[in-house]
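Across the two complexes that follow, chain A remains constant while its partner is chain B and subsequently chain C.
Now for the complex of A and B:
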C-alpha cells in the first residue's frame, strides 16, 4: 500500500483543487462563501468519522460529542481572552484527542451496538454537563463570541480560510492513514478483529489511535465553528443530528475511501440547501427520506456505484 | 428523612413499572431482530397522542386506550417491518441504526407538523385524589397506570412463552437458521415481532398520557430511557427488562434526592456508560445477543 507512490497527476489535481478553493472567496459573495465554509466543515466531519467508522468499521456516534467539546473549549478560552484565535482549533483538537483516548480505552472493547450506544452516550453526558455547569459554560444561556474583524466580508474570508486549512489537513491525514500501516491494520480490524489480532496487529492500539485521530477533526471544526457563528449553546453544538450527519455523508460518498467523505459532504450540503430553503417545516422528514433511500438503495455510497458502473463498462 | 426516602422509593417503584412497559418492546426488537429501533420513542409519543385524542374527541378513558392503540400500532409496526426494515435485517449496525433514525425523523417531523410541539396532557374533569397510606402519598392515576403497565408486561410474558407465535419468536431469536429449517416463516415473524414492539410502545405511551406531558420533543428522552433499561438489565431476557425498568425508576427517584430533579436524565446516562464500561451485558443479560 505505502510502497506505491502517489501518481503525479493525482498530486497535481489535488494542488489545483486547493488553489481553486483558495481563490474562491474573491469570486463569490458572502452567502456563497458561507456555504462553501459549511461544505468544508462537513467535509472535515466526514473525514473524521471515516477513520473510525469507515476504515476501522466501528460505528461511532461520537462526532457530536467531540464537535461540542471542541466548540466549548475554544469558546471558553476565547471568551476569557486566554488564547489567540488561531490556537483555539488546536486546543479543541487536543482536548478531544485526550477525551477520545480516555473514553476510548473502555468503550472500544465493546462491539457493534454497544459501542454505538456508548459513543452516543458520550455526547449526551457532555451535553448535560455543559448545560448544568453554568459557572464554566454559562449553561443554556450559551457563550457569545464577538466578531474579531471589522467587516463582514473579512470575517467570512477569515473563517473560510480557517476551515480550508483544516479541511486540507483532514484530507492529508486521511491520505496518510489510508496509505500507512495503521490504515492496513484498521482495514483488517474491520474485516475480522480476531484474525487481525492473530496476525500481530495490536488492535487496541490501532483502534484507540483511530478513535483519537477521528476525534481531533470535529474538535478543531467545533472550535472554528464557535468563533465563526459567534454563539454556541449545548443543544446546538452537542446536537445528535451532527453525529448522524457524519456517517450519512460518508455513506453517501463511500466509506473507507479518501474522496468519498468529501463527495458525500458536498452532495449532502446541496440536498440540505435545497430542502431548507424550500420545505422548512419538513426538513427533518426530508433528511429522513434521504437516509432511508440511501440505506435501502445505495448502501455502499456513490463511489462504489461509480466503480461498479466503470467495471461494467469495461467488461463490455 | 426516612419518610422522604420511603416516598421516593415508592415513587421509584411506580415509575419503574411504567419504565418496564416502555422498554419491553424495545428489548424484544433489539434481541430478536438485532435492530435498535430509534423510532421507539416516537412510537411511545404516538401512542400517547392516540390516547389523548381519543379522550378529547371520544371521551374514552386513557386507561382503556391500550385496547385500540395496540392494534393500530401493531399494524404500523408490521407494515414498517415488512415493507422497509426486512430488507436490512442482518446488515451492519450502521445501516439499521441510521435507517431507523431516518424513519424516526420522518415520524417525528410528521407528528410535529400535525400535532404541533405544544405540550398536552389528559386532564380529567374530576381529578383523582391521591391516596395516603402510612403518610406516603400515592397519586391514583400513577398507581392505576403502573398496575395496568405491569398487567400488560405480564401479558407480554404470556405471549412470548405460552403462545405459538411467541414460541416462534423465541426460536428465531435463538437460532435463525434452525428456525427456518423448522418451517417458520422468519420474515413474517420479524414483522410480527416489530409489530408487537410497536404495540407495547404505543400502550406504554397511552398509559403515560395521564401522567406525563405529551409532545413530539419528548420522544428522545423515552428512547434514552429504553436504552438505559435494556443495557442495565441485559438483553435477551424478560427478567432483565423488568429488573432494568425498576432499577432505573429507583435510581432516578433516589438519585435526584441527592442531585436534584433536573439531573434525572444525566444520572440515567452516567449509569448507562458505567454499565457499558464494566459489564456490557447488563445484570441479567446473556452474552452473544449483540
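Now for the complex of A and C:
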C-alpha cells in the first residue's frame, strides 16, 4: 500500500492551495472576504465533527455547545481586556477540550441515537447557563466586543487570516489523525467496537481523545467568530442549527476523509447563499430536503462519488 | 511446571443460569487444549471470561502470575491473550491488510505503523491470504474471513491463543490447511485453546481435552481417556461414537 507515505504532489497541491487562499483577500472586496471567512469557519466546524462523527462514528450534535463555549470564553476574557486577541481561540479551544473530556467520559458510553441525543443536551444546558448567569455573560443582553482595528477592510482581513490559520491547523490535525495509530483505532471502533477492544484498543480512551480533539476546532472557531461579529448572545452562538450544519457538511463531502469536510463546507455555503437570497422563508425546509437527498442518494458523500467515478474510468 | 493460565473455581451466572460452574483448569505452556461439550455447555463463556469481555461471578483467573479477572478486554489482549470469534468479527470496510495491521499496532505493540503493516503482511502470508490483502474484509468468503481472524490474532503476538470454532463452515482442503497451521503454531511454542465440535480435529490436534457439561468440568485428560469416559459418552459423544473411535484411539 503506497498510500501510507504522503505523495509529493499532494503536499505541493496543499501548499499551493494555502498560498492561493492567503493571497485571496487582496483580490476580493469585503463581502467576498466575509463569505470566504465563513467558508473557512464552516470547514473548521466540519473537520472538527469529522473526527468524532466521521472517523470514530459517534454522531455528535455537540458542535453548537463547543462553538458557543469557545465564543463565550473568548468574548468574556476579551471584553474585560484580560487577554490579547490571539490568545482567545487558544483558550476557547482549551475550555472545550476540558468540557469534552468531562462530558465525554460518561456520554461516550452511549451509542448511536443515545449518544446523539446526549450530545445535543450539552448545548442546550450551556445555552441556559449562558442566559441565566447574567453576572458573567450578561445573559440575553449578549456581549459587545469593541472593534479591534479602525478600518473595516483591515478587520475583514484580520479575521480572514485568523480563520485561515485555524483551518490550516484543523486540516493538519485531520491529516495527522488519519495517518496515526489513533486514526486506525477510531476506524476500528466505528466498524466494530467489541472487536476493537479485543485487538487491544482502549476504546474509551480513544473515543475521549477524539471527542476532545474534535471539540477544540469549533471552540477556537467560536472565539474568533465572537471578535469577528463583535456581538454574541446565547441564542446566536448556541444555535442548534450549528450542531446540525456540521454533520450535514461532512456527509455532503464525505465522512472520514481528509478533504470531504472542506468540500462539504464549500458546497453547503454556496447552497446556503443561494437559498438565503432566493427563498428566505424556506431556508430551514431546504436544509431538511438536503438531509433527505443526502441520505437517499449519496450516503458516503461527494468524495466517494468522485472516487467511484474515477475507478469506473480506470476500469474502462 | 507452572501453568500459563489457571482458572480457580470460576463461576459465571446469567440470572438464574449458571453458565460456568466452579471450573478449575490449568493450562501448561506449549500445549493444545481442546474444550468440548454440547451446545450451551459454557465453552464460549469460558473464552469470554478469560478474554475479559465478561467478569466471573466468583473465582479467579491467573495468567503468568497476574490476575486477569477484572481487567478490561484491551488490557487482557495486551498481556498476550488473543481470541477468535465463533461469528467472525472483521472490520468490514478496512482491507484485510489493514485489519491485521490494526491488531499489530495495538495488542501487537508494533513500534511504528510501517512495522505494523510489515508484520501484517507476514501474518497474511502465513495464513495463506496474501493475495487478498488489498480486498475489503467484507468481500472475503467465510473461509477467508476465518483465516483473517486467525491472522489478526497472530499479529497480536499472543502467548495464549483461543480459537472459538475456527473450523466451523470450512470445507475439506481449508480444514486441512487450518489444522496444519494450528500444529505449526503449537510447535513454535504457542499455547492454544480450541473450541471445536469436529472430534476428528480435536483428537488429532489436542494434547489434552477438557469436557464441559452444564457449565461444569466433567472430565479432563488425553484423547483415549476422554472418548472412553462414560460421563463424556453419556453427556456428549453418545455410545455409537465411542464404539467407532474406540478402535481409532485405542
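In the analysis below, the second predicted complex is superposed on the first by the 313 of 316 C-alpha atoms of A that agree within 3 Å, B and C clash if a C-alpha of one lies under 4 Å from a C-alpha of the other, contacts with A are read in each partner's own complex, and residues count from 1 in each chain.
Going forward, a residue touches a chain if its C-beta (ideal position, glycine included) is under 8 Å from a C-beta of that chain, and two chains touch if they have at least 3 such contacts.
Everything numeric in this text was worked out from a predicted model, so none of it was measured.
After alignment on the shared chain A, the placement of chain B and chain C results in a side-by-side fit free of clashes. Judged by the touch definition given at the top, the superposed model places A:113 against chain B, while chain C stays out of reach. Residue contacts after overlaying the shared chain place A:10 against neither chain B nor chain C. Note on chain A: of its two partners chain C and chain B, the one contacting more of its residues is B. Look at A:200: by the touch rule set out above, it reaches chain C but stays clear of chain B. By the touch criterion defined above, A:149 reaches neither chain B nor chain C. When the shared chain is aligned, chain B comes close enough to touch A:285, but chain C does not.
Look at A:251: by the touch rule set out above, it reaches chain B but stays clear of chain C. Computed from Cα centres after superposition, the angle at chain A between chain B and chain C reads 80 degrees (steps of 10). Applying the stated contact rule after C-alpha superposition, one finds that A:181 touches chain C and leaves chain B untouched.
By the touch criterion stated above, A:192 is placed in contact with chain C alone, chain B being left untouched.
Taking every C-alpha of chain B against every C-alpha of chain C after the fit on chain A, the minimum distance is 14 Å.
Looking at chain A, you'll find no residue that touches chain B in one structure and chain C in the other.
Interface residues of chain A, counted against chain C in their complex, comprise 1, 4, 179-181, 184-185, 187-188, 191-192, 194-203.
The touching residues of chain C, when paired with chain A in their complex, are 51, 53, 72-74, 77-78, 82-83, 85, 89-95, 97-98, 101-103, 105-108, 113-114, 117, 134, 152, 156. Against chain A, in their complex, chain B makes its touches with residues 30, 34, 36, 84, 87-88, 91-95, 97-99, 101-110, 112-113, 220, 224, 227, 231, 262-263, 265-266, 269-270, 272-273, 276-277, 280, 290.
Put simply, chain A touches chain B in their complex at residues 53, 59, 61, 106-107, 110-114, 116-118, 121-122, 124-125, 128-129, 132, 240, 244, 247-248, 251, 281-285, 287-292, 294-296, 299.
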